[in-house]
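Dumping the structure here so I can ask a few things about it.
Read from first to last, the chains carry the letters A, B, C and D; within each, the first residue is number 1.
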């Protein structure tokens, strides 16, 4: 099987140039001028961009959650991802407390196997620290799970105290693992939530007001200080606000190996969306919440300057009817999260079209940096010889509707209902196989492979 | 009883001028040119400064601690304070866990009564939050205990979680109380201590290395964020390092009511002192620890700029022989703290002599600001009509030896052994009574009065 | 002549207390409880504040300017000042270029003599540096003119290049002089002005837009760097914006002896006032211009934190009719400046009433700090024994109309027309003489004395 | 002519991967796995890196200067460059004052023609602004000279006032040009130089002390403010210190299009080198000067974080004997500058070997970013299909002596005498031609081509 993509504009995290790209078997084997290859499928990409497939390092598929289950499973989610130009994802294992991490690992592997339509790896959530936890984590690193997520939020549920975090960071620095953090001050949030509920302020908006940006800034700054003292790398997931951004850049400027990710929703949606009447605000309830408009501009600038290295999705959809509406009259019961996996590249590419970031930074943020940070590079994340033939032919002029009916995620609404953007995938290849062709999904559920990821070695 | 202090230079937090000062009964009744007062004791203060008596808002007297007891009690401590020009102190009540706060209050009142030679008030330490704690705190505010200390250090002992702190701050903002904080990250310290002990690094120096400035900076920044979200004032005790200083000034510059105190030891002593051989380093072991030399310069500048509003002592002496030496071979067992109550004014006045701060800022930091912040002003803290006649006649030329043998604190060493400074009290009046005259203490133990302090109303 | 002010609340830069104040001859001679003084005029100040007379260190009286003359001379201006509670001012000598500084000095002394109703001193503007200029400046220092103003604005007119500024700073550091700066980038302003005029944008608003805050921030930061390299103190006049404020505090925090002044107009008026139709905006045209509203909040915070040490006025009134209207159709011809001398204390006291600053900081900013910085303390600037009996009995409840008809400055409008504030002088004493009593001015023009100021010795 | 580079590791600004690279004619035509090409020269690059040729955007060749002439001309300089792996340079035209810019252009084109062994372009220095200057600059932009250098230093010689700079920036923003700045405060330097000379302090070290980092920081911050107000991009050449770095990053973080370059000498040499006895310090005299050691660490971090986008050389060699020694006894007469063109890649690659920067950032800083910023990309600056076949086969293990005798620049000393580094070019191709093979230079002087550069379009 070979495919020769002709006349496209290859875009990497650094370069933009006209070339033909040859996919043979599951690899990119040649990038050249005027290539020919007997027997290969020739595809004309004139006027199109040839991009590496997107790498989404923050998804939640088939996850039990707040008394319900995420509406996308590994089949529906990965197919939607492919439609959006994402060919690799890294999902979070949430182990059962009191049970071995390996059990969680097995469970999540089982969820994906036979279903995933694109390649996938896993992070492990660490929510308690027992006598054997470190040993279990070492075993996971050997099994290719080289990143671990911890929380400064959700006291009594997921929250780890600073001592556990600090010790885990020091372990990770030695073990070649990367620790990722949900950074909000869970104690403050708990107090504020209680207050609003006591006062009968139960609308979705109060979810947001109970998670102030100062709380996220505080937790982020704290984690940066812990990373500095531990001499360990630290990765902040779903960063949303200037306070947290400043904490990361200040740390990095004093030499801390500090990395941060944001998500499209924090670049587009605002408190105003959360304040929409008729419980519509529930559609964009997530944690941390979307913020006031000036934060979105701040994040765009951070994205342009590589202060925010990665854009992932925190994809965690639940239906408005039957799931989100569990929180009618009590925002605490609104399942957090929203659909995002399919629309990531569209929304970030819009930043290119709008002159906010370069096309190279776009590729860097949605594919190259996540692959490098999470031990997938150079197999994934770039258009380079020897890498997996995960390639997107991107039509910069295509008009794409981000309404629910036009998308493929298994959820009954879109946070961007009615929004149209220019630019989207025309064809998507995964390990050389054409899995998306225009509106058609051509791949098979279950074709996706588990990715044992390398140890952390980012410079 | 009247005393007329003639020809001195009156110094307040703002002003410096020649005038006579008349003390009648327990009050300052007149400040004027060429005063006369029949029957008054006339004292010539030519060439001398006339200062308000010092107000030390951070002392520990007669406190059970780390398996021993602070070597100064309210008699020896307050007499030493008087010799150093301090006429008011505010000590910390450490209540027994599980017992009513009122019991702790009664205990500490009992320790002071009949012994204290100068006036005194109390702060209450809050180390747990039970169902009735807020009610008990409200009662204490009514009784004149309007400030409460909490800890982000000492997990399992004194540490409060951020939720308890946040809720207490919000209560305080309404109740007219001020919450004070020992700001270090106790979890990190615990991990580092464990490490050093595991590696057999047990000398006093490792106490310091286990309490890095980044940990203090982190906790301080966190408290500032909590205060910002709670819209409450916050007071940081014994601030030692640039990281914490920056956290306070950044908070203040964005509108937080942030206040900070340092202590003389952090302005003079350094890691080098803690590294002295033959266990000598134990003499300066305290928490937070003394820091590297550049921090001392940073603090002096902060003191000059009023970024550090207050200089108190954290007076907590134990004898080198029989107490400090409990920690030979295990720095964890060295009683923290050092003698400081008597030498505060000498050491800060040296900053005036050295051109680092103005004489007004000296008075402000050692007397006026602490009195204002802790509800004692205008009764205490200034040379002003109607205020208590707590007055120090300060000889700027007097050579003072800070060695143990020349001082009055009940402890067998001085952190400043062999050091001589210029400037010290010649006479000290407390409520109009001459209690120190040159080397003589003339007052009576027990003459000191309990001060019911006003609610927090600092602007 | 003696006056005994009974039962008032004395306010200094540090203290607030009830006391009687005795004025004998031209001095404050006694502050005490229940004072009596035979033969003295007794004045009851119950419920009133007893403040030091205001010290305004930035005025322009009887100054030829932009083809016209400032509408207040030393008689009308100082009488208006007295009505507003200001008893000392320091005016700027603008020497004729090419002529000896001494000639300018003589001219300005002549303008004041026989006219001034309150005490006054002078700063000297330095707009060129000839061979003898330093010698002339040394002579002026001996004559009590110990501060010198330079400009980074007005190229070809007042602007000094950075080399002249740097050399002057180094001279001043040795000579005991303080250099003051009008900090805007004159080159940028010139280019922007030209642009607007070319485009026919001639309304008052464009004056403001041609003086962006970034230009002021730049010049201020530059001066801070020059002061740092020269190891000299520097004083920024009429600071208006966050950019300049940040430059000053950053410099101070790294050890530069940086001082800054703002004026009431920058705390109250905004770009909106400059945009008022019918040429009304011309009434508030000044340089630097008034700014957008957020800057006013920033300045209030800076005033509260002592980042802005001084509030002066830059009093420079011209009539709307006949003077300001010279600029109809060409903002370049609008005489810059506005009336301010009389209303300074009212407007800053409003900050006390509104809870933005303490009453002590109010006194500090309008009286004590300017007196200290400019060599007038302790003669002026506080309520202290031995100081000049420049005293204001301030009624905190009095309702004061800031409209033109209710004020005494010789100008046909008020920037605060229709505004009412609470708090104003009831009686004003200058060197013991009652010069203002309610609405009456009782002093004589010419009674004001020239103040030979001391060398710079601020710590 | 075709060359097939086999088995090397291709390194771009983003990617690192194993591939064969085919050069046909003057272009890179193919990058692939297991390539074959009949008739092509096969070169084995196993264990080697395949890098884009270096792009040095800051050189001075054959330039009259301080009464002498730079010792390298376009022949010797470009040959040395090639030996060091640099295949493109952009030199500065210094026009004669009072003469048309076009004349300078013609002169410099003449210097290069027939001599240059690698491709070259030009920047134009702007040191005066006459009536026709803007027209002349527009003509230059059309001729491919799209960047212009201005100075805030050298008053009376090169210095432009802020008005000229501001207007030029605004022109550039429209014209598609980039303005580059030598950022030091020339006025301050002039005063300090005068002082040292007056005091007889004439050694090379005083050159450095007369150019303090605060002066560079000031000028850089000023330029950032001007760029902000002009809404124009600005590029700082030879940035040396933390103060200037902070000015650039602060500007960038508030949205200014701010770019900065440093040079190897500022990353390695320090004040200690300038203080070497026997006039040896003169060898490293340049402007701005080398700084104290902490600045070098700051710059390395800035380089790692892309705060410093570019590393160029400011190559400006003069012989120690006969040229540098003109300044014996008077540092003002030491020709500024040092040899650097040949050793740039070695010295920056050492940062890769030492773990300070990634190999991709190395390529980015020495080739890709300079090509992008100065209108040479994608022709120059990367390993990408369609780009010029300027390729370096880099041996990461090769031991390279940086002593003068081992180098090719026409100058009698090396600032790095005796220093050995690992990593250097094995073969260098320029437009497909092998011009350096091991120690041999195989190219012809005059083969280098003039590069008409594109307008500024950096995102």
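Observations, loosely collected:
By our rule, contacts are C-beta pairs under 8 Å (C-beta built on N, C-alpha and C of every residue); 3 or more make two chains touch, one makes a residue touch a chain.
For clarity, every value in this text was computed on a predicted model and none was experimentally measured.
The set of chains in contact with chain B as well as chain C is empty.
Chain geometry summary: the mean Cα position of chain C and that of chain D are 51 Å apart. We define each chain's centre as the mean of its Cα atoms; on that basis chain A and chain D are separated by 39 Å.
Remark: chain B and chain D have CA centroids separated by 57 Å (rounded to whole angstrom).
Across the assembly, chain D contributes no residue in contact with two or more other chains.
Contact between chains, using the touch rule, shows up for A-B, A-D, B-C, C-D. Here chain C touches chain D in the complex through residues 155, 161-167, 170, 185, 187-188, 190-192, 212, 214-215, 217-218, 221-222, 225-226, 228-229, going by the rule given at the top. Against chain D, the residues of chain A that register as touching in their complex are 10, 12-19, 22, 27, 29-35, 249, 252-253, 255, 301, 305-306, 355, 357-358, 360, 364, 368, 378, 382, 384-387, 459.
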